[in-house]
Amino acid sequence: MQDFFDIDSALSEEERAVRESVRQFVDERVIPVIGDCYVEGRFPREIIPGLAELGVFGANLPEEYGCAGLNNVAYGLIMQELERGDSGIRSFASVQGALVMYPIFAFGSEEQKKHYLPKMASGEIIGCFGLTEPDFGSNPSGMITMAKEQSDGSWVLNGAKMWITNGSQANVAVVWAKTNGDKSDKSIRGFVVPTNTKGFSAKDQKGKLSLRASDTSELVMQDVHLPATALLPKSGGLKSPLMCLTQARYGISWGVIGAAMACYEEALAYSTSRVMFDKPIGGFQIQQQRLAIMLTEIVKAQLVSLHLGRLKDLGTFTPQQVSFAKRNNCDIATDVAREARRLLGANGILAEYASMRHMANLESVYTYEGTHDIHTLILGQAVTGLSAFN
Amino acid sequence: MANTFAMAESRGGALRRVAIEAVSAARALADASGGGEVHALLAGAPGVAALAPELGKYGADVVIVVEHPALANANSEVLAATAAGRIRSGGYRAALFSASAQGRDLAPRVAAKLGVGMAADVTSFELAGDALVVRHPAYAGKVIATLRLTGTPAILTLRPGARAAVEQAKAARVESAPPAVDPATSRVVVKEMIAGGGAKLDIGDAPVIVSGGRGLKSAENFKLVEDLAAAFGNAAVGATRAVTDDGWRPHSDQIGQTGRQVSPDLYVACGISGAIQHIAGMRNSRTIVAINKDKDAPIFKVADYGIVGDVLEVLPVLTAAVKQARSQG
Amino acid sequence: MKIAVCIKRVPDMETRFKIAASGKAVDETGLKYDMSDFDGYAVETALQLNEKQGPGETVVISLGPDVVQEQLRKALSMGADRAVQLKADRVPVDGLAIARALAAELEGGGYDLILFGRQAVDSANATVGPMTAELLDLPCATAVSTLDIANGRATARRELEGAAEIVEFPLPAIVTVDEGMPRARYPSLKGIMAAKKKPLEVKPAQLGEERLTLEKMELPPERAAGRIVGEGPGAVPDLVRLLHTEAKVL
């Protein structure tokens, strides 16, 4: 896509090199297979080693734990390029990096960090993030999964989680549970659960019409015994999983730009080659308006995420700013994808074109990691001081 | 009035077509520059001198024959030293080589030895005062560069097949000469020559090329491409980078930006989408036919004739039709 | 082994090129650049050789203006150890001038192996590699599709038309690489960060006289528009007829 606003001039050479590297990988290894994967409903696991070698997992975590140690703008560009391929690919990386590696990094002991992080960076250990429950999506503080501490410091975990990306393939699950019968969200702690522990099972949810190139699973924990070392010692309260979500949402705000760019590029190319009524359809006013609006929203979204990334690197960003970016960018991306799909006409419903796949995927992205509506209320509360959550 | 030098490439005791192209081009250049002589250098195992009269047919006044058992295989160290020595002492206006694989290996060494510039892979040349002005396709064939080469001798490599050889009989007086350096001192030694699969016609020489891409779905289906090539009788089989990467065909069959550049009379692209990488290798074909099931495939933009359809269904029918047309013709 | 790889910055060949107003160059607006394809294989070959054969050094060299540092840094990101820019305000079309500058840099460098791509995908001349070998009086094998090194000797397969040669030669030597050699790895993100700390030296290029100069560049004539003859096997009779009567190739 043409860099209409010369946003590249605001990126460093390394950031551009990172983007280029991931873009090349996605062009060569993801795009040729992703349409079929989506139709078949399978995540292309064969690219996991390539992604790991590239250094995509936990890319903004420190080098001392085997990670790339990139800044947050570079991390965002990685998410953008992955999602240009497919939201399912970027979701895999978001979960692995922001929702599994990050909590271990932020809340884990040094032993846990040294044990898990390098192997997760290398793709040897795949993780998933267990927060959402069948009856508690937008309201995670109501969760009922419960962990009971035993006299010897070990834990017994019971509960169920749903809509868990990577669940059925994960080697470990970072599970959030209330503790010791305390139903308030203050008792929430995080646990690193090896998925081969007795009592733990994961099963893929079937019948998805969105994020089909992604494993989405239910987790069931029935008297899962965990050693004391499974607890993330520095975790405590709802704040802990929310911090993880803030990390993921930041990456998502970039990722969806990638999906929008892919749709825009596809629509633009189609509009200049598809001829109807003796001229390329890109010469008709309605299609030009579509393209102009797509371009405008993509550029605005890029500027939002870029500035947010710089603030994140300075350490001055706020979760509300992340909500702003996730909300806006997911919203415009779903619109761009839909408009691109419409510009493509009948061809736009075929799997060989990317737009409808992106359009369907983006509905999940609009909904997960805090629905659009929830982020709306977060912003509403931030500006009015009044909660409209209940 | 200066003479023109031409390198006559041979392999396995036979002249390659590019040798004749080089001699014929040298003849044209000599005639255009006031009519000097054409001296062709012909090296090989003892007995290669028998090829000299053929060079005479295309305009060689003198054939410098360098025979040595060790020259049964091309030896750039010996040939470069020998050619450079002759060119230097012979006061040639220009020295023409082919831009074949061996020519591209040899000519730059000669140029460096003589400290002169060279123009590579040219499709045309003309004298302009004391310079040579040449044309050369660049940027994956998407740009034609016109270059000026000054100094004497001017060294050129000619794109194979770009300029048809024209008969113009000359004496082809044989002069024997020893290799300028002892072949035993060569550092690069040929251990083995691997011929390309029996009677297979090389894609650089074939008037017709039938090429296959991913649309064939599997390596086994390349049989359909081979069948069509066989039906034409004078066709070679080519491939895209995608299928050579997947190991369906050897790299040497690859036509494209990083493979071979070809310009046959007829190029049939079967199940090839027409990526720039590939088009760079075949865009100069005289007639291009494309068979692809996607009517928006870029290959149709360069094709003269196209069939939109599944290549697996179309090829057998086309093969039968070509066989029949040829048997009737 | 101490291996030098000479690389060239080239524009993306997927572009639809336009000629610049000067008529002597392609219009650079919006062009994306990378290392020439075969040069990428050469860097990869060097990296793999040093990975397999124990510690060594891979040095990448490129001639041109400061923008070539981008490609040098990409090679450093892939894993090369050191980079040298031979600074010149443009890359000459005369291969011998480039070879002279490279030879001056490579001379006395103690390199076991010097790699080039078979040809740059933009200028497509394939002259600089063998010319540099000649200036340095090193054995040279061009258009190599496989390369094995053991005990200071190399065995390589050279692709010819419709045939191939297996050649052997001692190191130090110059090799130009072709299809069949490994594709360039993606620079890992860690590699991109590490590249910043690796040495990149800038030296003036000693080009000398240029005898080959560019007069102009132009677009080739457009092929006349073709046509779709029909769909499916049913179109075959029409195609064959056209090939016979119109194109006269059958």
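Chains here go by letter, A, B and C, matching the order in which they are written, and residues are numbered from 1 within each.
Definition applied: a residue touches a chain if its C-beta (ideal position, glycine included) is under 8 Å from a C-beta of that chain, and two chains touch if they have at least 3 such contacts.
Quantities reported herein were computed from a predicted structural model and do not represent experimental measurements.
More C-beta pairs touch across the B-C interface than across any other pair of chains.
In this assembly, A is the chain whose CA centroid lies farthest from the centroid of chain B. Once the centre of each chain is set as its mean CA position, chain A and chain B turn out to be 53 Å apart.
Once the centre of each chain is set as its mean CA position, chain B and chain C turn out to be 20 Å apart.
Centres computed as Cα averages put chain A at a distance of 39 Å from chain C. On the side of chain C, the complex with chain B involves touching residues 11, 13-14, 16-17, 19, 26, 37-38, 93-96, 99, 119, 121-135, 139-143, 145, 155, 157-170, 173, 178-180, 210-220, 223-224, 226-233, 235-237, 239-240, 242-244, 247, 249-250. On the side of chain B, the complex with chain C involves touching residues 11, 73-74, 76-77, 80, 99-102, 104-105, 107-109, 111-113, 115-121, 133, 136-151, 160, 187-196, 200-205, 208, 232, 241, 244, 251-252, 254, 257-260, 265-266, 276-277, 280, 283, 286-289, 295, 300, 302-310, 313-314, 316-318, 321-322, 325-326, 329. Chain C makes touch with chain A in their complex at residues 30, 70, 73-74, 77, 186-193, 196. Against chain C, the residues of chain A that register as touching in their complex are 2, 13-14, 17-18, 21-22, 24-25, 50, 53-56, 59, 63, 68-70, 74, 78.
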